[in-house]
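Written below as structure tokens is the structure these notes are about.
The letters A, B, C and D name the chains in turn, as written, and every chain counts its residues from 1.
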Amino acid sequence: MTYYSLVFWLFALITVGSAFIVVMSKNLIYSVFSLLLTFFGVAGLYVLLSADFIAIVQLIVYVGGILIVLIFGVMLTGSVLTEGLKTNVTNMLLGSVATGALAGLLILLFTNNNLYPNTQVLTPVPLKDISRLFIVDYLVLFELLGVLLLAALIGAASIGRKEKV
Amino acid sequence: MELTQNLHDLLSLRAELVLTAVILLLLGIELFSKGNKTLLRVVSLTGIGVVLILLFGESSTAQKLFIGSNGVPLMIIEPLGTFAKIIASISALFTILFMGINREDSTMVRREGEFMVLLLCTVLGVFFLSSSYDLILLYTGFELLSISSYALAGYNKRSSQSSEASLKYLVYGAASSAIMIYGISILYGLTGTTNIFIIQAILGSGALSGALLLMAIVFLLAGIAFKISAFPFHFWTPDVYEGAPTHFTAYLSVASKIGGFILLLRLILDLFFRKGFNSEILQPVSDLPWNDILIFISIGSMTIGNLVALWQKNIKRLLAYSSIAHAGYLLAGIAALNSTGLVAVLVYFAFYLLMNMGAFLVVILIKNEIHSEMLEDYNGIGSKLPLYAIALSIFLVSLTGLPPTAGFIGKFYILMALVNADLVLLAFFLFLNSVISLYYYVRVMKHLFISKPEKELGEAKQNVYGGVLTLVLAVPTIIFGIFFTPILRLAEAALKFYLP
Amino acid sequence: MSSFPMLTLLTFLPIIGMVIVMMLPKEKRSLIKITTLVATGLQVVLAGFMWAGFNYSQAGINNPATFQFVERIPWITFDSGSWLGMIKIDYFLGVDGLSAPMVLLTALISFIAAISSWNIERSVKGYFALFLLLDTGMMGTFLALDFFLFYVFWEIMLLPMYFLIGIWGGPRKEYAAIKFFIYTLFGSVFILLVMIGLYLSVNEVTGEGATFHTFNILSMMNPSNYTQDGILSPFNPDNLRFIAFIGLFVGFAIKIPMFPFHTWLPDAHVEAPTPISVILAGVLLKLGAYGIIRFNYSIFPEITRELVWWIALFGMINIIYGAFCAMAQKDFKKLIAYSSVSHMGYVLLGMASLNEVGLGGAVLQMFNHGTITAMLFLLVGVVYDRTHTRGLNDFGGLANNLPVYTGFAIVAFFAAIGLPGLSGFISESFVFLGAFKVESIRLLTIISAAGIVLGAGYMLWTMQRVYLGKLNEKWTDLKDLDFREYTMLVPLAVIVFLLGIFPSIMLDLMNTSINELVNQVTKTDFHSIMSGMK
Amino acid sequence: MTEITLYHFLVISSLLFSLGLYAMITRRNSILILMGVELMLNAANINFVAFSHFGNFGASGHLSALVIIVLAAAEAAIALAIVLNIYRTFNTVNADEADKLKE
């Protein structure tokens, strides 16, 4: 077993295991903290895929931003919604069967198609390429993302702020 | 030098740029003039007017933009996309006009500027959805439309219904777009690109696995089905339609739907099917059961929509289910996979804009007077507010698809496409559904005209602004039912590069 | 003929009336009523002019050149390049010996129903606006020679009818109205689909040699106009024409109404206000039979010939079943409604004969039933206005204090029974004569003849219960007919007598067309063309 | 043990995606479904990056992943605002009626 695959299995375990807890746990607090682990795990996988930049963004945005937002959500709704922090589960049987089947099907399809079987060490994509793609080829996407963030900002401010009666 | 070319291309997105400028201008007005309402309205309406003029100006040309190093464009301004943009802009125009009369929440008036900004952001989302030929760009446009819509659905802040509706909308919307992006990621994996043209070429060479491709398509369709509120992703529709402020519900039912449909059409016409027609029938690039999938979704949507609508007591919920059914009708037109079907879908959509917007407008007007959306409170409206009641009846008759209204022509063309594609049973089923739908549409009319009111309607009276606005929508609904050539011409022009 | 748009005027005169009514203020009730009366009255005058100018020797049916008062204006012309060829819908009106009697009937019945509507009190404006819209729909349906146009008029009738029953009807009006609406729209499903199928299968050639699909029903009658691969083309090996025929037939049969699609009729009649019952029985039911003759018979002659036995069978069932049901009724209006079912059975039977006598009888029966049943419903309305009851057993001996009324009633009842000398007799005997000649349906004809006896039975029994015997004390101070009621009943009674004695007035009008129709149905050969082209 | 290939990453992404979908189907709590959505988005991202890496597709996969992260953040921002507002509405208007809209 190489060093690489050892690390891979570690991160794989962290990612999938904690994702499992996120979904299965009856306590929202557990879920949200497991999600933290999942995000870390995924970041690790990115590093293994030699996508360091994505890994860093993943940590900054997901862990530093989205997760905080979710924790806020959990804390706020916990006292409001009747379910409380312990949330009930419906359609368990249907859900497990359907998603189990889907997972099986996806794995089967992914592994049975002879997709890019090369395992030799591939050259990582230089950050410069990504930024070049973003700023030059996908210039319009870049601009659009700006508008989108503006819209999200205005939307969030408009909905979230307190109204004077 | 590519950058300069791209910057130059950016300037060619005239309608989009004007729209963005208007958004920023509105934001500025909101910030610096304490939300001067007249100014806001004038600016937003003129802005949309200018955008519409630009759109009509470019409605018959095609222009490739942002041609990358791989030689394929990122965006193409072409008539079909422009058609969708026009529909979205017109519905935004009406929504802003409706906004002034909606009196559901007093704080909404104060936040009109923000509403307009977000509304125009959704329009911009539709614009990018309409012209993009890159899946990531398409997805970003899709998300711009979605994210702004989530905020707008919860715009009626003081109603817990509205907030809940928007949360529900956001949660399931985010989930379905996540499914969609997963589908895109599979497609990316299979082809190594997100550009529609390259993917089409690779699919056309027939080197790809059918099953995984099918999976990707199903995931993609999930996101689209959510946007157009089609079965089995329709469940959010009634709650959101009921909870959202009514003028936004009207917008959502039209503009959001055209967003989903233009995406579906784009994928079908440019990605999964060969360009051009072989004996007026579309040829898929690989052997996938397109027909079956579309027919399944279509039948599911219209049946669920119509059957559940039968039990509704709230007019907005009723119209929500009716809009699910209409998604089914429109999908049937696409399922025909022939040229008539494409024209029919566009024609139907143009009419759908009129009649659905109109129906919601009257709902707003009546709610202003009687403060209720429940059908049982509609009793006796016919004699108290005759113009509104007659207009609502016209819209409902048109939604049912009876002549001489525009809705009939739309349905007629869809049926024609189906019969032409030898899908007679689907055609029969579609019409059977219209018969079912008649029952609940007529039930509304029964409440308006036949049932006796339990309590006095009091001060309810019609106002000039509302009356003019209803007429602006109701009169064309009738006129296009009799002389529909212009709309046919429009739809045909929109499909200029696709029809044989 | 001339360039005078006679038929357009005939069709849209009521719409003009409607617009005027809509613009009048709510309070001007009599002005609204007078407007309606003038509009329908002018319609009668126009119909009279049409009759006067009608050329008895021109057949119509399948030949555009022999239709009269033809107006043909391109309505929708759209050359779509190649995706669907050229789309062409014409505003195409014309009249022949088949539709002329129906036009006269429609104009007459509408006028009389307008008089009968005089005592409508609730939302007068709405009532008369809808009434006039309904009138336009009916007239247009009989005159349209373009399938699309026909369908538009056909559907235009639905909504006014729904509201006229639903708002101004009796206690269960909402149920009856929606039942009528749903049944008829359900029938329209089939009509619309067959229409589209035919459209896509039929090609017409313009003067410049371009071909385009057409909604022109006259083109649909000619086998040589069908394309090779059209869905309803006789060349199509799947032979969907049979299914299309059945679909179209069901669509129209619901309107007739033919057993087992008749259940909406009694409800609609009982709940509808008198004038609407009059229109319903007088005109609307005829639309179904007219549709079958105009569309099923002429466009699908080869299938018609195969299925005449079934048409006769359903005719027989209608006659017998309707009669038995009528016998069991305690409600005056319901009785007449079921007698309508029975009488429309004669129309079906006559149609099944496929010969000049039988078909002529059927069309004449349509006209006569229109006038007679209208009269019967008016008569029910007269007593209902005075007593507010329709229970057959609540009456008795009305002859004692309402002699004139009873006189009219006797005329109507005897005409309905088919007493010689009155109009019903002529048409019924024509139907039976025609049907009896055809061997395959002879047995059915003989059984149907029992319907005459049954009909006489329940009619006479009703007369006895209502008019004869001892006068019920509740009704001692009932008044006899007033002037308005005279104006409604007298013309109808005159027609009943006149057509009983001089049936040729009507028969001559339709003779040429009926001959051509029989020719079309029995001679047109879709099969041989099919085999010839293969 | 075998060498790590593309399939290993794809299996992880499939599992993450299915777990996210499971949350969407079986859970009623909005926040939890949102967490499921984040799982699904991460799964898609792993796909993009993994395909891009093993298929040698260049930077476009990375670009897509970045865009998706940005979009997720925007979505979360709106979600928080709505949740905040619900919190306020329920606290000030009626704290016990949690579910006004019926299924």
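Operating definition for what follows: contacts are C-beta pairs under 8 Å (C-beta built on N, C-alpha and C of every residue); 3 or more make two chains touch, one makes a residue touch a chain.
Remember, it's a predicted structure, so these values are computed and weren't measured experimentally.
> Quick check: which two chains are joined by the most contacting C-beta pairs?
A-D
> Compute the distance, rounded to whole Å, between the mean C-alpha positions of chain A and chain C.
Here the centre of chain C sits 69 Å away from the centre of chain A.
> Centroid from C-alpha atoms only, then distance chain A to chain D, rounded to Å. What do you get?
Roughly 6 Å separates the two chain centres.
> Quick one: report the Å distance separating chain B from chain C, using the average Cα coordinate of each chain.
Taking the mean C-alpha position of each chain, the two centres sit 43 Å apart.
> Could you please state the distance in Å, as a whole number, between where the Cα atoms of chain B are centred and where those of chain D are centred?
Inter-chain centre distance comes to 26 Å.
> Counting only residues that touch at least 2 other chains, which ones in chain D make the list?
17, 20-21, 30, 34, 36, 45, 50-51, 55, 60, 63, 67, 71, 74-75, 78-79, 81-83, 85-86, 90, 99
> Would you pick out the residues of chain A that each touch at least 2 other chains?
106, 110, 115, 138, 141, 145, 148, 151-152, 155-159
> Give me the residue numbers in chain B that touch at least two other chains, ranges are fine.
In chain B, residues 136, 140, 143, 147, 150-151, 154, 157-158, 166, 189 touch at least two other chains, as defined above.
> Chain contact topology under the given definition, line, ring, star, complete or other?
other
> Go through the chains and record each pair that touches.
Chains touch in the following pairs: A-B, A-D, B-C, B-D.
> Which positions of chain B touch chain A when the two form their complex?
Those in contact with chain A are residues 2-3, 6-7, 9-10, 13, 20, 23, 27, 65-66, 68-69, 74-75, 107, 110-111, 114-115, 117-118, 121, 124, 128, 134, 136-137, 140-141, 143-144, 147-148, 150-152, 154-155, 157-158, 166, 189-190, 209, 211-212, 215.
> Using the touch definition up top, name the residues of chain B that touch chain C in the complex.
That would be residues 277, 280, 339-340, 343, 383, 397, 402-404, 408, 412, 415-416, 419-420, 422, 424, 427-428, 431-432, 434-435, 438-439, 442, 445-446, 449-451, 483-485, 488-489, 492, 499-500 of chain B.
> Over in the complex, which chain C residues touch chain B? Could you list them?
On the chain C side, the touching residues are 76-78, 80-84, 87, 123, 126, 151-152, 155-156, 158-159, 162-163, 166-167, 173-174, 177-178, 181-182, 185-186, 189, 192-193, 196-197, 199-200, 231, 240.
> With touch defined as at the start, can you tell me which chain B residues reach chain D in the complex?
Contacts found on chain B: 136, 139-140, 143, 147, 150-151, 154, 157-161, 163-168, 170-172, 174-175, 178-179, 181-182, 184-186, 188-189, 192-194, 239, 242-243.
> Could you pull out which chain A residues touch chain D in their complex?
Listed in rising order, the residues are 1-2, 4-5, 8, 12, 15-16, 19-20, 22-23, 28, 31-32, 35, 38-39, 42, 45-46, 48-51, 53-54, 57-58, 61-62, 65-66, 69-70, 72-74, 76-77, 80-83, 87-92, 94-96, 98-100, 102-103, 106-107, 110-111, 115-119, 122, 125, 129-130, 132-134, 138, 141, 145, 148-149, 151-153, 155-160, 162.
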